[in-house]
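In the two complexes below, subunit A is the common chain; its partner is subunit B in one and subunit C in the other.
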Partner chain A sequence: MVDLEKLKNVARETVSRDDVKYLIGWRQGTYGFRVSPHFVKEPDEAEKLIFSPLCTNNLATYLVLTERLPLLRGEQPDSRKVALMVKGCDSRAVVQQLIEQGINRESVFIIGCPCEGVIDLKKVEEKFSNQPGPVQARWSNGKIVFHLPDGDKEVPKGEVLAAKCLSCRYPNPVITDLMLWEEVQTRGSDEYEDVKELEAKSPQERWLFWEDKFSSCIRCYSCRNVCPMCYCEDCVLDRLNPAWVFRSNNISENTAFQLARAFHLAGRCIECGECERVCPVGIPLTKLNRKLAKEVKEKYEYIPGLDPESKPLQSSYRPDDKEDFIL
Partner chain B sequence: MKEQFEPNVVAFLCNWCSYAGADLAGTSRIQYPSNLNVIRVMCSGRVNPLFVINALQQGADGVLISGCHPGDCHYMEGNFYARRRFTLMKELLEYVGVDSRRFNMSWVSASEGSKWKDVVQGVVEKAKEAGPFEQFRRNKINW
Partner chain C sequence: MNNKPKVGVYVCHCGINIAKTVDVNAVTEFASHLPNVKVARNYSYMCSDPGQLLIREDIKNEGLNRVVVASCSPRMHELTFRKTLAEAGLNPYYLEMANIREQCSWVHEDRERATGKAKKLVAAAVSKVRLLEPLQEKEVEVEPATLIIGGGIAGIQAALDIANAGFKVYLVEKTPSIGGRMSQLDKTLPTLDCSACILTPKMVDVASHPNIELFTYSQVEDVSGFVGNFQVKVRRKARYVDMDKCTGCGACAQECRLSGRIPSEFDVGMGKRGAIYLPFPQAVPAKYTIDAQRCLFLTRGKCGKSPKCIDACAAGAINFEQKDEMIEFKVGAIIVATGFDVFDASRKPEYGYNDYVNVITSLELERLVSASGPTGGNVVIGTGEEAFVPKEIAFIKCVGSRDKSVGNEYCSRVCCMYTAKLAHLVEEKIPGANVRVYYMDVRAFGKGFEEFYDRVRREGIRYIRGNPSEIFKRGDKLVIKVENTLTSTPMEDEVDLVVLAVGLEPRKDAREIIDLLRLSQSADRFFLEAHPKLAPVDTATDGVFLAGCAQGPKDIPDTVAQAKGAASSALVLLSSGRVKVQAQISFINEATCRGCGFCVEICPYGAIELVTVNRMGHQVSVARVNEALCKGCGACAAGCLSGSSQQKSFMDRQILPQIAVLGVMK
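Up next is the complex of A and B:
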């Protein structure tokens, strides 16, 4: 069960440690069902921390997106740890970053929050329309309780949970330094039904589907920026010479961008669904990423973000890899 | 009279095997279709999957990537990486609806001039069947 007092106490203790720079957690947003990331630098700031079904954000992004300013002469790099609160899916992002050596194990302190599933904001806002004031929520016996201004509303999980949570295989953090409360039950298996459904269509139908989606892309790159796995300092999308993907907004460049983005996550995507959540035009990006995740699992029996000791998929090989399409 | 469609196939050949194999086919005077635009790369592992997307954007109707047989790579393991990469790339292209006949990969060694001919004939034939690629070709801009 979620124990907010314990969470705050742990956060206070952690931040007071000498070897911790700051702690990243969640706090109530300014309106509606929104939650924003909370950077705790002083122990008394821990009071604002929450953990609820509204905490959708994957905070692992902030581990790799820190600004690294050049050091002054004689200055030592700040080697203190960053404490991070993780759900099950976030922890896989951390593991994947460890696999790729994007971060060091010594530089993070991982606080695990076993999670019973977070909401899909669109589904909730459809149900309760826009709330001007901040709304809180909590899990309760397999249901989610929203504390609305006109009284508490109990909603079955199936109606408001994000799609990724309904088929979640890893609700408990796979890597932690400290687990906040007892682990929750795994909710089930993932058979990639949504991918198989699209695969069953003809190529023309699939292209019509994706053409429609890709042509609405406005190339805001939110999906890239929010992704905990997209942290190259020199991104191909920003390159001008050579310009891999032009900046004009048309179906050709949009498709090239989407394919490049999806491919760069092949064997790395941990299916946290952040890209789809932040997409302002509602492109089903997880459908694209999950296709590659499915192929990686079937062809190479590789599931990213589970074992920090494993090698990244695309920088390893087995001599007997399948090659049935190669002439 | 309607002109027959001649596909434009971009081929990325590794310097050590496939390029030499194609060269052998030439010196042995083996006839094969001329629809191929060959780009020589040092290893099939050097081919970036974005090359494929870019080729399709810029007017290719088909793409062929060819390297040494597994185990024969001049750089020991380059083609193993290429194999994983392009197996996934092919799946992705098919998934968004690109005709599966447009993307091909082959292993051709330096001594396989006749295999090279067969590969090219097959690839060009497939690209011809698939027709002109228009799904996400980059439109020329007239300033």
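Up next is the complex of A and C:
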């Protein structure tokens, strides 16, 4: 069970350590059901930390987004650890970053928060619209309780949980330095029903589906920027020579952008769903990513983000890899 | 020099190979109007001397600085035309080939549309050639030494040839003695001279040659570096016998408490040895070895009051304190002569190899007929009171060869003839023996082979065409169930002894060598040569050559011939002293590289490593290409997410415009 006092105590102890730069956790946002990342540098800032069904954000992104400012001559880079609070899905992003050598194991201190599922903000806001003040929430006996101004409201999980949580295979962090509370039960398996539904359609129907979605893309790059796996020094999709994708906003360039993004995540995406969550025009990006995840799983029996010692998909060639799907 | 591209386009007729299907005049006319094209010509054979002269003259007179040849596959003539450019004083990498033969005229019939496609291919090549950059071919020095892995006849022959040419050889053999499979054989075919008699002198030569350093009971642990400069690490396993002191007298082996109790590998388990042993009498080096897995003292820490071998050894050579030794050295070339495994007959359960003592393999029979074998050359089956001399003897060929059910589609090439040889020997050794051979085909392709096969048949050995389906016991006889496919008669044949002519398989530990040297396997799982016809001893890894059965089943003459070929290939490298490395290699943009290491893992040649660099005060790791190792395959460029890995002459910004031309034009 979530133990907020323990969480805060651990956070205070952690940021007091000499070898820790800061801790990244969640805090209540300024309105509605919003949650913000909370960067704790001093022990007394830990008081604001929360862990609740609202903590959807995958904080692993901040590990690789840290800006490395130029150092003065003789100045040493700050090599202290970053402490990070992770849910099950977030932890897989950390593992994948380790596999890809995006971060060092010594540079992070991972605090695991076994998770009973987080909300889909859209579903909740639809249910309880117009909440100008911050609303807290907690898990309670398989339901989610919202502390609304007019009293607590209990909602069955199925009605408000994010889609990724309904088929979650990894609710418990797969890598931690410290687990905050006992692990939760794993819920069932993932059969990729959402992907199969799309696959059952004809190519023409599928094209119409995606054409509609991609034509509404405004190329804000939020999906890329929030993704914990997108952290190249210099993204190929930003380059002008050669220009893989032109900047004009039209169906052709948008499609090229989205497909390149999805393919660059094949065998790497850990399905945290952040891209879809932040998309301002509601493109179901998870479907695209999960289609590739399904292919990778079926064709190469590979699941990313589980074993930090494993090799990345692109470089784990086996002589008996299937190739019957190569034209 | 003005760097503005001035392109010359040369369209080849290739006799009528291209001109029949493609309107070469129309393509030339079209090409002359493409941007930056100064000259466009066509000629009957561009690769001919006058054809090349045309290009050289234009470079000189028209000031061309880029050349497009629209002809055949670059695999065919890219090198030819690169040379042409170089002779005219132009960087050879300012060349682009448009393949309008294999990719156009040969595969199309519609002249009009084929011409249209040829135009597109030429336009694409022109758009790319304008963006090409000059490349320099680098040379590296060659370490004048060779590593040979495997001390069978292939390794021995290659070692002797290279050593006799005056170069250093390091010969590494896994077992305690060199000699390999050939030393296990009794007679060689078709001349029937004794295997040991022709092999032993060569083994002795190896041991005494001043240019050969022999490491027996040793294994190659690591190979790094590249052609001309391989760094090799060899583990010399502890023999627990001081090689310098051991005189090979054998007193220790007689005294060993386990003497005669451990199955001998050399006699395929039929003879017995002790824990301290010499694999066979002619072993080189003639030094004893203690089997650490079996020795009582080494496994249990106790062997009576004290190990008897220590007391028996007058030279005081036994040393239980000995440790594995690591030896490092540099070589310029490597020859892989690791040989083969014999097919495991128990994988064909219908032949009852595991069930009946009188079903044996050909290698076992080979040891039985050998004078130095466990029975002193008498064909006796079974032991003790049950021992008997078989009279009715059947050979079954193609056991584990040409058999998809066990995954071996290939012919093992040696079984037909060794079966004929063994049948002959058995008939000679057992008076009144009645020998027959069940076969699918008889492949007597070598020199003197057909004559030998003919001789054996005239000696009374019957050849019956049929692939037995089953062997079972009836009384004290074995029954072979088979259909004679020449007469379509199902039959049962009662015999005393069945000899399975087992095929050759890739070694079970082949994977180690593959990982060590980054070799490839062909579909039959043997090591893959660089080209089946024109580079049969080379591999995709420069400086690594193949000899003997490691590359595919072959008999002794072929093995020796290939070993000499591999030796000569290695010598070409060693004696020239310098080696050119690929120019169209990969390079990493270290400013954008994020150091994920995908390319490091992907690279089949181990050419990329992660290094730490200073990026504005921060220590970050980035990939770096070893230019001498890179083969320019481009796998790293394909795997790089940030496009930081690029291949020279095939950079994204060079090939994307080329693709654009192909896509946009009608």
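FYI, the second predicted complex is superposed on the first by the 324 of 327 C-alpha atoms of A that agree within 3 Å, B and C clash if a C-alpha of one lies under 4 Å from a C-alpha of the other, contacts with A are read in each partner's own complex, and residues count from 1 in each chain.
Here, a contact is a pair of C-beta atoms (placed from the backbone, for glycine too) under 8 Å apart; a residue touches a chain by one contact, two chains touch by 3 or more.
Computed from a predicted structure; not experimentally measured.
Participant: Check subunit A with both subunit B and subunit C modelled on it and let me know: fit or clash.
Facilitator: Taken together on subunit A, subunit C would clash with subunit B, as the superposition shows.
Participant: For A:Phe209, decide between first (touching subunit B), second (touching subunit C), both and neither.
Facilitator: First partner only, subunit B.
Participant: What is the contact status of A:Pro77 with respect to subunit B (first) and subunit C (second): first, second, both, or neither?
Facilitator: A:Pro77: touches subunit C, not subunit B.
Participant: Which of the two partners, first being subunit B and second being subunit C, lies in contact with A:Ser252: first, second, both, or neither?
Facilitator: first
Participant: Between subunit B (first) and subunit C (second), which does A:Leu288 come into contact with in this model arrangement: first, second, both, or neither?
Facilitator: Only subunit B is touched by A:Leu288; subunit C is not.
Participant: Output check: A:Lys322 vs subunit B and subunit C. Expected answer is one of first, second, both, neither. What do you get?
Facilitator: So A:Lys322 only meets subunit B here.
Participant: Mind working out whether A:Asn141 is in touch with subunit B, subunit C, both or neither, as first, second, both or neither?
Facilitator: Once the two structures are laid over each other on A, A:Asn141 reaches no partner at all.
Participant: In this superposition, which partner touches a larger number of subunit A residues, subunit B or subunit C?
Facilitator: With both complexes superposed on chain A, more residues of subunit A are touched by B.
Participant: Using the superposition on chain A described above, determine whether A:Val236 touches subunit B (first), subunit C (second), both, or neither.
Facilitator: both
Participant: If you stack the two complexes on chain A, which partner ends up touching A:Gln314: first (subunit B), second (subunit C), both, or neither?
Facilitator: A:Gln314 sits against subunit B and subunit C alike.
Participant: Go through subunit A and flag every residue that touches subunit B in one model and subunit C in the other.
Facilitator: Common to the two interfaces on subunit A: residues 236, 244, 314-315, 317, 319.
Participant: Show me the residue ranges of subunit A that touch subunit B in the complex, using the header's touch definition.
Facilitator: Answer in residue numbers: 198-199, 203-211, 236, 244, 246, 250-253, 255-256, 258-260, 262-263, 266-267, 288, 291-292, 295-296, 299-300, 313-315, 317-319, 321-323, 325-327.
Participant: So in the complex, which bits of subunit B are touching subunit A?
Facilitator: Contact set of subunit B toward subunit A: 49-50, 53-54, 57, 70-71, 77, 80-81, 83-85, 87-100, 104-107, 119, 122-123, 135-139.
Participant: Under the touch definition given earlier, write down the residues of subunit C that touch subunit A in their complex.
Facilitator: Per the touch definition, subunit C meets subunit A at residues 521, 591-598, 600-602, 610, 615-621, 639, 641-644, 652-653, 656.
Participant: Spell out the residues on subunit A that touch subunit C in their complex, using ranges where they run on.
Facilitator: Listed in rising order, the residues are 68-73, 75, 77, 100-102, 231-236, 239, 241-242, 244, 264, 311-312, 314-317, 319.
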